[in-house]
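Please go over the structures that come below.
After this come two complexes, each holding chain A, first together with chain B and then together with chain C.
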Partner chain A sequence: METAFNEGKRVRRGRAYSLERLERRAGLLFALPALVGFLLFVFVPMICVLLLSLYKVDLMTYTFEFKGFGFYDKMLGDPDFWKSVRNTLTYMAIYVPLTLLLGLGMALVLNGKMRARGVVRTFFIIPYITTYVATLVVWNVFLHPTEGPVNSLLMSLGVERPPQYMVDKHWALPMLALIGSWKDVGYHCILFLAALQGVSKDYYEAAEIDGAGRLQRFKHITFPLISPTSFFLLLITIIGGLQAFYQMALLTKGGPAFSTTTMTYHIYRSAFEFYNFSYASAVGMFLFLLTLVLIAVNWFAQKKWVFYQ
Partner chain B sequence: MNGKWSLLAVTAMMAFTLTACGGKSGEPASQTSGGSEAQGETVTLKFLNISEYLDSAEFKAFLERFEAKYPNIKVDPVSVPHEQYINKRNIMLASGEQVDLIWGNGVEQFDAINKNFLMPLDDVAKEADIDMSADFGDFKPDKDGKYYRFPIQQNNWMLYYNKKVFDDAGVPYPDPKVPMTWDEMAEVAQKLTNLSGKDKVYGMFYNNWGMYFYGYGSQLNNGKFYTDDGKVNIDAPEFKRSLEWMNDVMNVRKAAMPIAELIQNNTDFLSYWNGNYGMVVGAQWYAQLAATKKEQFPRDWKAGIAPMPVPAEMAGKHMNWSSIDSLAIPKNAKHPKESLILAKEYVSDYTLSTGALPMYTKVTKDKYFENLADALKDDDITLEQVTYLFGGDPDVVNVEEKPVLGAPQEYESTFLDLISQYYTGAETVDAVLEQVKVKVDNAIEEQSKQ
Partner chain C sequence: MPLGSNIRYTVRSVVYLLVGLVFITPLLWMISTSLKFEHQVFERPFVFIHWDAVNWNNYSHVLTGTDFPVWLWNSVFVVIVSVVFRLLLSALGGYAFGFLKFRYSDGIFFAFLAAMFIPYQLTLLPQFISFRFIGLLDSHWALILPNIVDVLSIFLMRQFFLSFPKELVHAAYLEGSGVFRSFVRVALPLAATPLLTLGLLSFFMIWDQYFQPLIFLHSKELYTIPIGLQSFQTQFGKQYAMQMALACLAIIPVLGVFLALQKRFVESIVSSGLKG
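After this line comes the complex of A and B, so read on.
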């Protein structure tokens, strides 16, 4: 009797085990295309970049000369590299908070009672779905130094020497960050809005009964409950800020006076303008590590402010 | 067991990665082709050039003639618009993509020579029956006594002007033989400028290219862009004077478009031909690409030509910024001999048909001058003027158009990146020139270490 019972248990366990294996295999199978894509288009190029940064390479003759950390040494002693780091951090200092705060602000407005919410939401998302080139052409016209609407307005208001934006080394980078933010804020707004709409109204009603004001409700209910979305958006905004490239490549070519050369643009110029692939790869590895560090810091810091229900 | 599988997987991954990174371990191309033509094999040459040259009907007709003459050589033209050309060229060279023949101006080709991308032509030229020291006139070896460039044409610079703008302003046309001084040009440009109408008319058009800023200085110091010890000489007083002259025209006389506007408009070099400018200094390519192509650049005004302006110290001299456009063979090219045969036919057969005078001495110049004068006859431009300005004056004084020796790409791009700061009033001319010098000197030093 006992034997038969144990036998039955084993069979059930065996079936459960094989079912579990089947599910695991199916899962792996589903993940396989993405894994292969990751290996081929992310992991392998990453290893290539790492190897390139350690070798002096002549791709015409496929000759490789091991240089160790020589290119990293050169990078750390290169004033242009440090300028590009400073430009990247300045860009991020404007782009990250501006995009997050505007996105949240717009989502809060849309989450309230308002007419034609769908239409307004569509307007907000348009910059995100428009191609970068078209966006930049419009901004270029908008910020034209003599005939653009912005400076025409400033001149009509009596400003004698309005800014020259893309050719002024003090203005160019902030303007590019503003354009980047304008482009991405719609996406942030939609995600924030989805998170806001997921917050139960019961919490607000209870808080109102307890006499909580708007600010208190935002601080103690809204912010904690949308914090996982905020955290996700913070991460992708940091990564987006570190990788800013299009505006520089299409509008300013890294100038004037190197003022908009971010790390990604510095990598591009070093590799494709000055043919220095190994040096560019070293900068690429530095950017990768910087991204990792910033993400890690935020990952550990999230424990203090992200609230998972 | 799991450990073994992991180890195997990691090993396989590393092997795969290294293979993927390394690509095929191809041998460097030999300096000669091994005579594939002689062996009867058909070879296909990849030819990289700007689309203004490769997409023309003349080039297609040339290709037909070429492939009929050399049935074993096929040509695969890689045509790139001029504004994207340098990027495409750089990417192809730096990534080792196999190309057989590439077009480039002086800066581009010298940059590639310095970075060891090009093949010396001396040996292969002998195989293709070309005498590099004699077939191109006074053409000197490029580096270490070796030729890397196959010269197509030397730029012949002159002053182009819009006769309607002169007539409207009541200003007499420039003398067809005696050059204006730069100071006279600034005065004329100011007289021609009319910014009050719907369409602004600027007396002078310029491009955001180095020679439009430092070229006057190059005439003054005989193109001395480098000091005797190979360092940057852009802070020499002649170049400073040149930059200040441009500032006077642009910002004091307001006779040229402000640089902020020029850059933000992304102004194309062919914009001169829209008719809203009085004068421009340009080379034979303006005649090739626009003045003789009225179907592409329709205009209701006549163009005139005159010698390029000169500094007061050089008054009366016919001067030219010398720069040579050329073809070159990347060192990984598979068929160098056939590439050089294509290059030879390109300059002796095709270049003439584009309206440019090849440096190849085995072509006759007279026909070229006659054809060009005929194409410009509606502008009342005579054969005598064409001959004098388009390469037929033996007494022309040539000076370097651009710096081409040490780190030429870095020199030009750094200069252009910084120069706008002077013209927008953000920096003094001395500060800008000092910054260019420091940065490019570093690049030259870095290159010398490599």
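After this line comes the complex of A and C, so read on.
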């Protein structure tokens, strides 16, 4: 800091040409904490993960043994791994479209003429801001298969065998995706609402004069104009879906019968229950790769539907 | 407004209000159950609140008979320290990348951004091993340190400083301030709004963290609220009313902050989302 400070005095003496150089030098100094932090907590760990997936680690003695692509081979030949990939993709297939559509729907509601908009908006956002683990503790009892309020309501309505939710291997994963959507949709709602409010009323008035119906107006005006926000949210939702973990850890522990072991939960179990960090790293690298592929695909596909003004 | 459309308008609003209430049913049920006795939890017919016999004991038990106050303190400590350091680092970094610039700063920043796609579960693996190696495991610093470096936060501060008026800073130079002093005196005060935004978003994110304490902490006296809640749930699996009281207490701090700063919070999300 001291040198930058002194150079500041030199500037005062009129050597303006050195201003840029001075700022550049100070810039490096200012960025230093961020650079060091990034190196320590992102860059080096990434290199470590790569190495970790190639070496067998003994956590007692901190000795390493080179295994090449052995852990990747093991991973690709592991039926549990492929189940976890399938579970993650199934989760995404529900979570991503549901969160986006629900968020858009809620934003459209809030954007229309209504009373008590603020209250309804608050209701929509509350799950997003509340402590996730706390809400999961609630969901756990709320969806209790025999006595929970949801099923006792269903039974009083005459449903003889209501779904068993977390203990039924066909229901568990979709329910977790549903809870994930419920939790996150408030964020989508807020961003969609902001985008909708940014659409000029003039467009709608012009379209109405031309005789465009509700659906046509949505398709030709609203959708293109909010598409940058939709695209951003799509990316966020994909990343969020791939990294979903809390529901599995709190509600199902990956079960029943492995049906909710997503890739993230598989990583967690491999590393922290079986202490196989190398295998977990290999799965993690695969997850990272999958993230990049999905982001890249959508990045190129955006030209077809995202409209930048 | 003609009477007919006025009624329709009101009816529609009421319907939406009900939809909103249905949306938060689990949380309403949580409040209801937290005020009941255990034998009333699954009672039929369902009663929202037994006004004549409200059971406050769940709360008093949670506050005095469990470690909740300790978890609360731990959460507050971890969140505040993390957020303060994160803001400091992000303000400095954002100023460097967005305003001052230096050799290769844009390139380096691009590498930063790429890191946003790394699943956090992945970087936690080597972090766990290295923390274990240097003996940082089972301490609050294991939770705090990784939280300080947040690419999104640096990104948001950079976006702010990219459009920061050069004249203001240059005027400070002419008055004899160095780069650091003009940053503290001129740039930082004007960055109060984005910093508050960032602080608020970070508060909610770090408060929610469960995976990190799950793997980094062993000692119960170090638990933060999420992991404490989970340990309570595992230990007292059948005491549902108590669990709900605990969940309620866990939510109250964030809900309080949210309701107090709701307008700003919504603006925060919008500004961070649209720029990101």
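Basically, the second predicted complex is superposed on the first by the 270 of 309 C-alpha atoms of A that agree within 3 Å, B and C clash if a C-alpha of one lies under 4 Å from a C-alpha of the other, contacts with A are read in each partner's own complex, and residues count from 1 in each chain.
Note that contacts are C-beta pairs under 8 Å (C-beta built on N, C-alpha and C of every residue); 3 or more make two chains touch, one makes a residue touch a chain.
Quantities reported herein were computed from a predicted structural model and do not represent experimental measurements.
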{"item": "First (chain B), second (chain C), both or neither touched by A:Met75", "value": "neither"}
{"item": "Which superposed partner A:Leu242 touches (first chain B, second chain C, both, neither)", "value": "second"}
{"item": "First (chain B), second (chain C), both or neither touched by A:Ile226", "value": "neither"}
{"item": "Touching partner for A:Leu196 - first (chain B), second (chain C), both, neither", "value": "neither"}
{"item": "Partner chain in contact with A:Tyr62 - chain B first, chain C second, else both or neither", "value": "both"}
{"item": "Contacts of A:Phe272 with chain B and chain C, given as first, second, both or neither", "value": "both"}
{"item": "Dominant toucher of chain A (residue count), chain B or chain C", "value": "C"}
{"item": "First (chain B), second (chain C), both or neither touched by A:Leu54", "value": "neither"}
{"item": "First, second, both or neither for A:Leu176, with chain B first and chain C second", "value": "neither"}
{"item": "Partner chain in contact with A:Asn140 - chain B first, chain C second, else both or neither", "value": "both"}
{"item": "On chain A, the residue positions that both chain B and chain C contact, one per complex", "value": "43-44, 48, 52, 59, 62, 140, 144, 271-272, 277"}
{"item": "Complex contact set, residues of chain C against chain A", "value": "9-10, 12-13, 16-17, 19-21, 23-24, 26-27, 29-30, 33, 41-42, 44, 46, 88-90, 92-93, 95-97, 99-103, 105, 108, 112, 115, 117-123, 125-130, 132-133, 145-146, 148-149, 151, 154, 170, 173-174, 176-183, 204, 207-208, 210-211, 214-215, 225-227, 229-230, 233, 240, 243-244, 246-248, 250-251, 254-255, 258-259, 262, 265-266, 269-270, 273-274, 276"}
{"item": "Of all residues in chain A, those that touch chain C in their complex", "value": "1, 4-9, 11-12, 19, 22-31, 33-35, 37-38, 40-46, 48-49, 52, 57, 59, 62, 109, 112-116, 119-127, 129-135, 137-142, 144, 147-149, 152, 156, 182, 187, 190-191, 194-195, 229, 232-233, 236, 239, 242-243, 245-246, 249-250, 264, 267-268, 271-272, 277, 280-281, 284-285, 287-288, 291-292, 295"}
{"item": "Chain A to chain B touching residues, read off their complex", "value": "39, 43-44, 47-48, 51-52, 58-62, 64, 80, 140, 143-146, 164-169, 253-258, 271-275, 277"}
{"item": "Chain B to chain A touching residues, read off their complex", "value": "13, 16-18, 20-26, 28, 87, 90-91, 93-96, 115-117, 258-261, 263-266, 330-332, 409-410, 413, 416-418, 420-421, 424, 426-427, 435, 439"}
